[in-house]
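Here the structure comes first, spelled out in structure tokens, and everything after it is commentary.
Chain lettering (A, B, C, D, E and F) follows the sequence in which the chains are written, and residue indices restart at 1 in each chain.
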Amino acid sequence: MEVVKRIEIMASSVELNKILKALEKSGVPGYTVIRNVAGRSVRGTVSDDFSSLDNVYVIAFCSTEQIDTVIENLNPILNKFGGVCFVSDATQMNVVRCVGS
Amino acid sequence: MEVVKRIEIMASSVELNKILKALEKSGVPGYTVIRNVAGRSVRGTVSDDFSSLDNVYVIAFCSTEQIDTVIENLNPILNKFGGVCFVSDATQMNVVRCVGS
Amino acid sequence: MEVVKRIEIMASSVELNKILKALEKSGVPGYTVIRNVAGRSVRGTVSDDFSSLDNVYVIAFCSTEQIDTVIENLNPILNKFGGVCFVSDATQMNVVRCVGS
Amino acid sequence: MDVSLVVSNLLNPPVLFFFLGMLAVFVKSDLEIPSPIPKLFSLYLLIAIGFRGGSELVKSGITQDVFLMIGAAILMACVVPLYTFFILRIKLDPYNAAAIAATYGSISAVTFITAGSFLDQVGIASDGYMVAALALMESPAIVVGLILVKVFADNQDGQEFDWGEILRESFFNGSVFLLVGSIIIGILTGEHGEEVLKPFTQGLFYGALTFFLLDMGLVAAQRIQDLQKAGVFLIAFAILIPIFNAGVGIAIAKLIQMPQGNALLFAVLCASASYIAVPAALRLTVPEANPSLYISTALAVTFPFNILVGIPLYLYGINLFWS
Amino acid sequence: MDVSLVVSNLLNPPVLFFFLGMLAVFVKSDLEIPSPIPKLFSLYLLIAIGFRGGSELVKSGITQDVFLMIGAAILMACVVPLYTFFILRIKLDPYNAAAIAATYGSISAVTFITAGSFLDQVGIASDGYMVAALALMESPAIVVGLILVKVFADNQDGQEFDWGEILRESFFNGSVFLLVGSIIIGILTGEHGEEVLKPFTQGLFYGALTFFLLDMGLVAAQRIQDLQKAGVFLIAFAILIPIFNAGVGIAIAKLIQMPQGNALLFAVLCASASYIAVPAALRLTVPEANPSLYISTALAVTFPFNILVGIPLYLYGINLFWS
Amino acid sequence: MDVSLVVSNLLNPPVLFFFLGMLAVFVKSDLEIPSPIPKLFSLYLLIAIGFRGGSELVKSGITQDVFLMIGAAILMACVVPLYTFFILRIKLDPYNAAAIAATYGSISAVTFITAGSFLDQVGIASDGYMVAALALMESPAIVVGLILVKVFADNQDGQEFDWGEILRESFFNGSVFLLVGSIIIGILTGEHGEEVLKPFTQGLFYGALTFFLLDMGLVAAQRIQDLQKAGVFLIAFAILIPIFNAGVGIAIAKLIQMPQGNALLFAVLCASASYIAVPAALRLTVPEANPSLYISTALAVTFPFNILVGIPLYLYGINLFWS
């Protein structure tokens, strides 16, 4: 069981590409994207009516060393286009995959 | 990086409005809603077949001071209509938004 | 407020049945399933195009004692078919349900 | 009972697709119709049936027959939950009894539509205005059920119902609202509107029904495992009460001299139970009742029973009486 | 103004379903059309309208009339955001002014389609090639809006626009791309293609429009609460500017001698504002502007206004001028 | 090769929409068809093609021609994975070789349907019962592929296959189950059923195919980047093997004297590879194989190749032989 960091990002779906690029640039080993989420912040409700304007919820687990780079890369995007990012602690189950790669 | 609390609620979608009202009343700065989730508790499977009866998954990050109020407001709803609520620790990335507000 | 463990699993949707069986065998008190999530790991993007090959995201909260059994039961599945599993800490809100059971 | 009726009913594509859906679950196929596709078809069916009903109400006008039919519909919607409640109290607590009673007092639009397609198949006419009965019978049972809870359950926590919310859940829930709205739009736009929407509301009708019943088969079969919790009493209830309700409905239909096609539709409304709108309302208003009881009886027993056996059976009974 | 025009417009099933959707929100019904069902119908409408437009462009050929119409369309798409920008600057900062100006310079395909169905209803012909104007007027306003931002906003952080991204967002966004693509495919496959897809692109057309407008009613009504933030100035803007733009459009249409049906469609394009493609592009390119301002004015005020009042009003004006 | 055949194929709206989808990805448009809309159309196509096939099987009866065709179909479904396996072993390990072999032994329903629409376009008749071949050729290749794994891969962890699960995945997977079920329902309900569902299963057919191919274009183009991993060998395989398989299919079709239309459909079944059902089954049964190899070759190379070049090419070949 390895100690890792859990990054959660909620943002408008129009930012998704930029966010994923930032994550990849930071070298995170993977991410999961949930689309079509609705949300509200102090800045107003984003209803899930028009798919082009709804929110996405991105989860990425990365090593504790990577977390600063990730935040550095995400910061300008969230600052400019909105969205929030939270970090918490987790441990990763060790998996020795036999699956095709 | 600010220390915050992460609240997760899983409940039947018919309760969503009541849950969101409770969150807003408690002053949480935002929340994210994922609809159409399936789930199972000791009380039985809720399949995702009829949209009026499936589950929702609500995530809200709030300050450590707010957490007691949130739980107080959620308690009667979850007690009456079912659903579960979990709390954990997280830190929030500081965002200085330029986006339109 | 009871201390619990939060288990998160991201995997291909074809594994869902096996994963849920493993969770139930381990005696977890419940779980929540989010379908149609997209994701990427070092092993390649799984786009959400064909529903038979997209990912699922499973969340289960269980007691600290159960966690070892859960991991033991999940391990062979994730090793064989792919997918990742992360564990973190949380506390559960006490709910005394009056709902029909 | 006339075998040819059963066969006619069975050889209807939508009914066979219902079977196919059930079979898929039994043989553990991974066939699934992901949400919200079923929702699309259920919205479609409500719009199409309501709109056509409205167009035909314009043609027929509000005659005495229509009035009698409406009276009969409201009567049955209020009376059925009352007597079923007392039958259910034999074995169940007041909350579950009231919830199930409300479910059976209300109706299933898809059962009604399937009965309509069966009438088409066997060549018996029915009046489009019967859709008004469909719309009127969905809601009252919810209110009656809640009154039963209020009167017969000892209100431990002394809470009051929020009647505003209850009436909104009953009369403005999505299906009732869309159905009534479509009927009114059908009335307002009349012949021209019918013309314009014909390929949509009529051309696609059986296709959408087919798709929806395929999904219903999947869902009903998945619910069958819940029936263990229901027990023998409830399963017997879920088969016998529809027959009884249909019988009462047929007697009333005979009394007010409905033509045979309308009588079948009315009997089917009385016999069917709600598995969408009413359960959603009950989740909020009677949370003490167990949803798996009222959903699984309505969906996994009564619905298939009506689709497969009930509809031809009720027509057989009507043919006996009317001839 | 001719009352019968308003009535004709209202008794159109799609328009009534728009009302029904709004009403559902006002009475707090839980009616909803879960995503991505509305997306299905919006994709369908773009394909159907584009494909039919293409087929008819083949039949008519690229005549002088078509050329004049195209010129008028591009002119209005560029000029409208310019003058609306300066009107909006009275009360708003340059970012929000440019964003709203871009929204009103662009168009709403569904308003266009509803106007087409209104023309059908009142029996006035229009040319299929008008769909080319629809396609051409969607994008230029985005680019004009961004140039306005560049010129009039003091660029605090000295950032440069990524023009590659902007042009891609403007001209290759999903709706423009699908519409233009469908037009081209309609042209290429000609009569045979039209024949093959007829039951799909024509039979279902009004049904899909009905469904989509039902959803638009729900969405527009939900947006109404955002209007508080917009204030009286913006609400007045969202009603008066469409009338003014339609007036300019009608004058140009008269000048280049468009037939009445085409003139109405052109006026409606000028009067309508984009609430899908342009807002999505603006979120990325002018993040400083507040989306709830430009979306809610376009969606909760201008769209219903055009659907309910604007379309018959503009036709009334055209009838005056042309006779 | 006859240019007019290629042109006829290209000027088919569904094929052009496939192109349009690919183009959208290449120009980085944000056009997307969100799930589960593509699933809706794929379910629809399976129901429609199966149901029509069943109706026509009733009309034609189970003649000797049908028997021969069925034999040929099963033969090819079993033989193709065998010889492709050994070709693939030149470069690949047994797991990947067996998985890809299974993919190419099975079929693509949409390629089959597109070939049918091409035959319509060029005015060549084909028999509805060919859909039986479609149904029969989907599953056997999966089983053959697994036997190849069992025989040729050194089973390091000594695990046994769960044959129950494998047969269920092969023969009861969603697409096979729905297709076979629809064929049977088509047979059972015969002419009356066909009548009732006609506007649905026939009217909408090309529209649904158009929508689905648009999505396939998007998906196939997205998969193209995966081809780097596949390498030149696999890309060449994904173009040459379909031609070879089609050739074998044509030879057999000539041998058993199929009419030209049927021969094309049979050749296309032989030439096509599965990208939905088989990959889903392989993910569970041969997890050692890399999905991006077998999906991307089938979807990003073979599927577009067949749709654009293969279908007219195979018909050209058939025309040569048959005349």
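Criterion: a residue touches a chain if its C-beta (ideal position, glycine included) is under 8 Å from a C-beta of that chain, and two chains touch if they have at least 3 such contacts.
This one's a predicted model, so the numbers in the text were calculated from it and none came from an experiment.
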Practice problem: Could you run down the chains that neighbour chain C and chain D together? | Solution: B, F
Exercise. Pick same or different for copies chain D and chain F, depending on whether their interface residues overlap by over half.
Key: different
Self-check item: Chain at maximum distance from chain D, centres defined as averaged CA atoms
Solution: A
Quiz item: How many Å are there between the centre of chain B and the centre of chain E, using C-alpha atoms for each centre?
Solution: 37
Practice problem: Please report how many Å separate the Cα centroid of chain A from that of chain B, as a whole number. | Solution: 19
Quiz item: Distance from the CA centroid of chain C to that of chain E, rounded to the nearest Å?
Solution: 45
Exercise. List, in ascending order, every residue of chain B touching at least 2 other chains.
Key: 34-36, 44, 48, 51-52, 80-82, 88-89, 98-99, 101
Quiz item: Of all the residues in chain F, which ones touch at least 2 other chains?
Solution: 30, 34-36, 39-40, 174, 199, 203-204, 280, 287, 291
Self-check item: Touch list for chain E against partner chain F, complex
Solution: 35-36, 39-40, 43-44, 47, 51, 168-169, 172-174, 177-178, 181-182, 185, 188-190, 192-193, 196-197, 199-201, 203-204, 280
Exercise. In the complex, go through chain C and note every residue touching chain A.
Key: 8, 10, 34, 36-44, 48, 55, 57, 71, 74-75, 78-89
Self-check item: In the complex with chain A, residue positions of chain B that touch it
Solution: 1, 4, 6, 20, 29-35, 59, 61, 88-93, 95-99, 101
Quiz item: Can you list the chain C residues touching chain F in their complex?
Solution: 12, 14-15, 36, 44, 47-54, 80-82
Exercise. Would you tell me which residues of chain F are touching chain C in their complex?
Key: 35-36, 38-39, 174, 215, 218-219, 222, 226, 275-277, 279-280, 283-284, 287, 291-292, 295
